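Chain nomenclature is as follows: A, B, C, D and E, assigned in order of appearance, with residue numbering initiated at 1 for each chain independently.
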Amino acid sequence: KQEKVTTITVASDATWPPMEMINKDKKIEGYAIDFFNAVGKEAGIKFEFKNTAWDGIFAGLAAGKYDMVVSSVTITDKRKKTMDFSEPYFESGQALVVMKSSTAKSIADLKGKKVGAQIGTTGAFEVKKNNGVTLKTYDEVGLAFEDMAAGRIDGVVCDTPVAANYALQKAEYKNKFIIAVNIPTKEFYGAAFPKGKKELLEKVNKGIQAVKAKGIDKELVKKWIGTK
Amino acid sequence: MDLEKNKTIKDGAINVGDGAAIPSKQDRGLFNAWRVAFFGAIGTILYLVIAKPDPYLSILKFLPDGILVTFQVTVEAILLALVIGLFAGLGRISRNPFINGLSSLYVEVIRGIPLLVQLFYIYFALGRIVNVPAIASAVIAMAICYGAYMAEIVRAGIESIPKGQMEAARSLGLSHAQAMRHVILPQAIKNILPPIGNEFVALLKDSSLVSILAVSDLLRRGREFASESFNYFETYTMVALMYLLITLILSKLISIMEERLSVKSR
Amino acid sequence: MSNQDSNVMVDIRNATKNFGSLKAVNNVSLQVYDGEKVVIIGPSGSGKSTLLRSINQLEKIDSGTIIVDGVDINNPKADINKVREEVGMVFQSFNVFPHKTVLDNVNMAQLIVRKRSIKEATEISRQLLEKVGILEKEKQYPGNLSGGQQQRVAIARALAMKPKIMLFDEPTSALDPEMIGEVLDVMTTLAKEGMTMVVVTHEMGFAREVADRVIFMDHGQIIETGTPEHFFTNPENERAKTFLSQIL
Amino acid sequence: MDLEKNKTIKDGAINVGDGAAIPSKQDRGLFNAWRVAFFGAIGTILYLVIAKPDPYLSILKFLPDGILVTFQVTVEAILLALVIGLFAGLGRISRNPFINGLSSLYVEVIRGIPLLVQLFYIYFALGRIVNVPAIASAVIAMAICYGAYMAEIVRAGIESIPKGQMEAARSLGLSHAQAMRHVILPQAIKNILPPIGNEFVALLKDSSLVSILAVSDLLRRGREFASESFNYFETYTMVALMYLLITLILSKLISIMEERLSVKSR
Amino acid sequence: MSNQDSNVMVDIRNATKNFGSLKAVNNVSLQVYDGEKVVIIGPSGSGKSTLLRSINQLEKIDSGTIIVDGVDINNPKADINKVREEVGMVFQSFNVFPHKTVLDNVNMAQLIVRKRSIKEATEISRQLLEKVGILEKEKQYPGNLSGGQQQRVAIARALAMKPKIMLFDEPTSALDPEMIGEVLDVMTTLAKEGMTMVVVTHEMGFAREVADRVIFMDHGQIIETGTPEHFFTNPENERAKTFLSQIL
């Protein structure tokens, strides 16, 4: 611990473009990766990212399989009960993506229909709030979009940057999907830690503040998410 | 006396069934194990629910519709697989080289690809072509896969009927199809039923794979509960116990059915 | 249904059947006349069964012609099922249907092939079961019957189609000695009623009493033909002599 | 001549193996189907890669390390399963009621729970107790599951050795353990190998389940590629073809091995 | 190793063995003296094998005592493996080890149990194989041997342990007639050399020539005991008489 650079294993479900994803060279990349590499530089920590399935990612954290989770985890009160969070590093909302032909303007408009989301995400929780809408959960959000393209479900709810990526940037889906509505849920992503790792948490928080102060986050938004 | 026990050993060939062990009264050890497992599973479930209602009772309440879906997928898939297996099995013994080749190829290819891959493939490939609901495509995918195994069972069952039976029927003027329908298949069914029971249990277990396709079966329900409550350990304990209970009951029913059957037939 | 040779029921000409390199039936010609009883004997593997089975195409010959009741059965246009209706076959291993009662065994083909009503079929079946002496077993399953009884069911089953000719392939050789008599009796009665019959058997008493003609086969060929008296008392062929001396 | 073909039918009992059909030269249909499937798979892969390098070539380049992981999981799991199966199989025939009961219970319980559920369970439950990497817990879970099937194979293999062999060895003063080791097991192995080959192929296919745990096996690599490129259909086509090719080669190798073995042993 | 009764090799007292409700051995007492040759005969199912097998505890008796070479084998403290080293057993079905060569069959227990060196064991094995007349087959696997040869390997294998007593359970009854002689010859030689032997057999010629005592069993009991002359010429018991008249 006296050394300048410590190595930290970070779990990330790299199926969440553009925040975390696998590129053609099988390397994890994305907004969060760049962001935390910058944080690491500031805080003197080396982050080693490890692709991990979303379902069970928190169980692995509790079990000590890795030291930290950076996987577009929204800070919620319920999650705070089982783990600690860093300062927010990204503000996100939820977005409902539908087929271009759809007239839905909110999740509630899809009463009696099926709406997909990744299992255990805030998107899934958002859908559940709407009585009469059937939630279908997927291991990966991409499978939900694929299922919508196949006509099996009528909408997908996920974080805004991801929705933007799928609906607006992917060639395959550009002509099919549209963001019906952005739901301003005012949620924030944080890095998650097992309870009680104060020292590491503080280091990371300092790094996040430094990165924000330097405006690196703005550059990364431009790089990965683009202008609206 | 010992014959029954060694049923699966012949010519030095050993075959161990696919699904859960179907307990035969001849195999004392397994028979007792069945009872221990069965009452053990029920006891554990009751104990957990009563001693720690939070989270076990909530889990138990969350699962039932998943069990129904599991049953639905299993039963529909096995029926469809039977139909596919019947045709493919007949095809495997057909003298027509095209039909025979096609059926053999089907069996070989399907058995060479993991069920999970087939599920993904058929689910998404089918989705591109026609718009079928998730459960239906899951059922179709399971049935196509199990149809290959059924085909081998049907083929073996038919080949187990002495060929004099077919000759006698043909000599009376029955066509090949008539002889199949009235003479061969009715006899083959008796030999075919036990391994089909075995496949039934195996399919029930494999039906858990459809949870990957966001079909809300027993396992999926469990995963949904766990992902929200973070009670991974408790939830999977419950899910495993439920599956165990179901397969134990099912294999018991099958073994009772088989016993009845072997008594009835003469 | 009949042609110029109206009194020839089965006309086999230069029939050859190969199993791989083995000529199981080798250039055999044989005519069976209406009402005639032909007994075929010969050592094991001499091709008796194969010849018999080729008459109703359980084996398909590789060359030659077989004309049954005027129909060239190897003509691709011939309806083999129609021919088989007219040719009754009785096997060494009975081959009764174990999943059907005795009555249903005899009824089945009548219903499916002859399309008789169940009432008519049952009537015919009962008559035939009476004739072969096992009417009282009509409700039983074959598993409960002795070999001799099963073979008689098989004979009744074949007769129910009202065939024009009956083929028997060693019908008694799978039977315990005490049951051979009951089956031979049925066959003798049948012969006396004028049925055309081709019988492969080693029962020389039966051959003597019933046969119009005895045929001796060896290595896929017919070596000798004659009346029973001639054949049993004075066979010309050496191999036939040896064979007879062994089994008599 | 026909005996081999009907090997799996005895006393009216039909057993159809678990894994891919291992093509025997006796079964013409399947043997030809193997060749058609094998060259068909290779041909299709080549055609796709050459005719549509985008995306097929990229997919092909993306998969290889996944194949290695698939092999790693399969081989490690089968070895571990063999060890477990040997002990549990010996336990199943033990006269000690406790050991026997325990082994039987293990076999019954494990075979009553879907492999996928076991994978989740062991992965998460194990995670609570010790910190094992994902691949290791996947291997352990697979081995525990397949160990139950192996146990039944071992048991059947041992029981297929005439009991006079044990009596003769004991009469010479060998202890039970010595007799097992020097007399029974060496003979049992010959009977055990073919079904183990079968389980090997089955396990290779089932190893695709570990992709659920984000172990980067062949299927996982495919899913990663698909989720990024959206070429679900194309990716799963390629993944299915790869699995098919691997299981075909594997089952061929096993059948060659078996032939060698049966020639060698006298 | 020995006690007051030093010349009694096997001492069976009131031994009873039940299979379910069946008394396979029923209250049997029998002493076999050092160097004695005892032949046991009796109808099938009379308990001969069970009695023989209980001497080296392949069957565990339910009551009574069996003392072998001074050791009460049913005493839980007795080391049964040690006892078995001293008791050679030859089975009807040979039970040679098919996965080992003839030489390795005979070597195995010497190496594992007697812990002899491979050199010493091989020397002893060769001598014994020579003695039973199949040294030239030492490299063969049992699958290539005739039944008589296999049985002689089994005898050599048992002798290699240098047992104090040899038990034979119908050693020739699974053999073709032409091979019985070669096995009986080996056994006769063995007897002449003074080996203590208990032999269950139906070979009356062997019993006459070799036995010191013949024992007749029926329904699990010893019905008659005597010298061969007495037994074969003038049995007292009715059942023994009937049995003898059948097999002689």
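Observations, loosely collected:
We adopt the following convention: contacts are C-beta pairs under 8 Å (C-beta built on N, C-alpha and C of every residue); 3 or more make two chains touch, one makes a residue touch a chain.
This one's a predicted model, so the numbers in the text were calculated from it and none came from an experiment.
Among the remaining chains, the Cα-based centre furthest from that of chain E is the centre of A. Farthest from chain C, judged by the mean position of CA atoms in each chain, is A. Taking each chain's centre as the average of its CA atoms, chain A and chain B sit 39 Å apart.
We define each chain's centre as the mean of its Cα atoms; on that basis chain A and chain C are separated by 82 Å. Look at where the CA atoms of chain A average out and do the same for chain D: the two points lie 38 Å apart.
We define each chain's centre as the mean of its Cα atoms; on that basis chain A and chain E are separated by 81 Å. Shared interface positions of chain D, defined as residues touching 2 or more other chains, are 120, 124, 128, 190, 212, 223, 232. Counting partner chains per residue, chain A has residues 56, 59, 62, 139, 143, 146 touching two or more of them. Every pair of chains meeting the touch criterion is listed here: A-B, A-D, B-C, B-D, D-E. Across the complex, chain D is touched by residues 13-15, 17, 21-24, 26, 51-53, 56, 59-60, 62-65, 139-140, 142-143, 145-146, 170, 172-173 of chain A.
Taken together, the chain C residues at the contact with chain B in this complex read 56, 58, 81-82, 84-85, 87-89, 91, 93, 95-99, 108-109, 112-113, 141, 143-144, 154, 157-158, 161. Listing the residues of chain B that touch chain A in their complex gives 124, 126-128, 131-134, 212, 214, 216, 220, 223-224, 226-228, 230, 232-233.
Chain contact summary for the complex, chain D toward chain E: residues 162, 164-165, 167-175, 178, 182-183, 186-187, 190, 266. Taken together, the chain B residues at the contact with chain D in this complex read 3, 5-21, 23, 29-30, 32-34, 36-37, 40, 92, 100-101, 103-105, 107-109, 111-118, 120-121, 124-125, 128, 149, 152-153, 156-157, 159-160, 190-192, 194-195, 205-209, 211-212, 219, 223, 232-233, 236-237, 239-240, 243-244, 247-248, 251.
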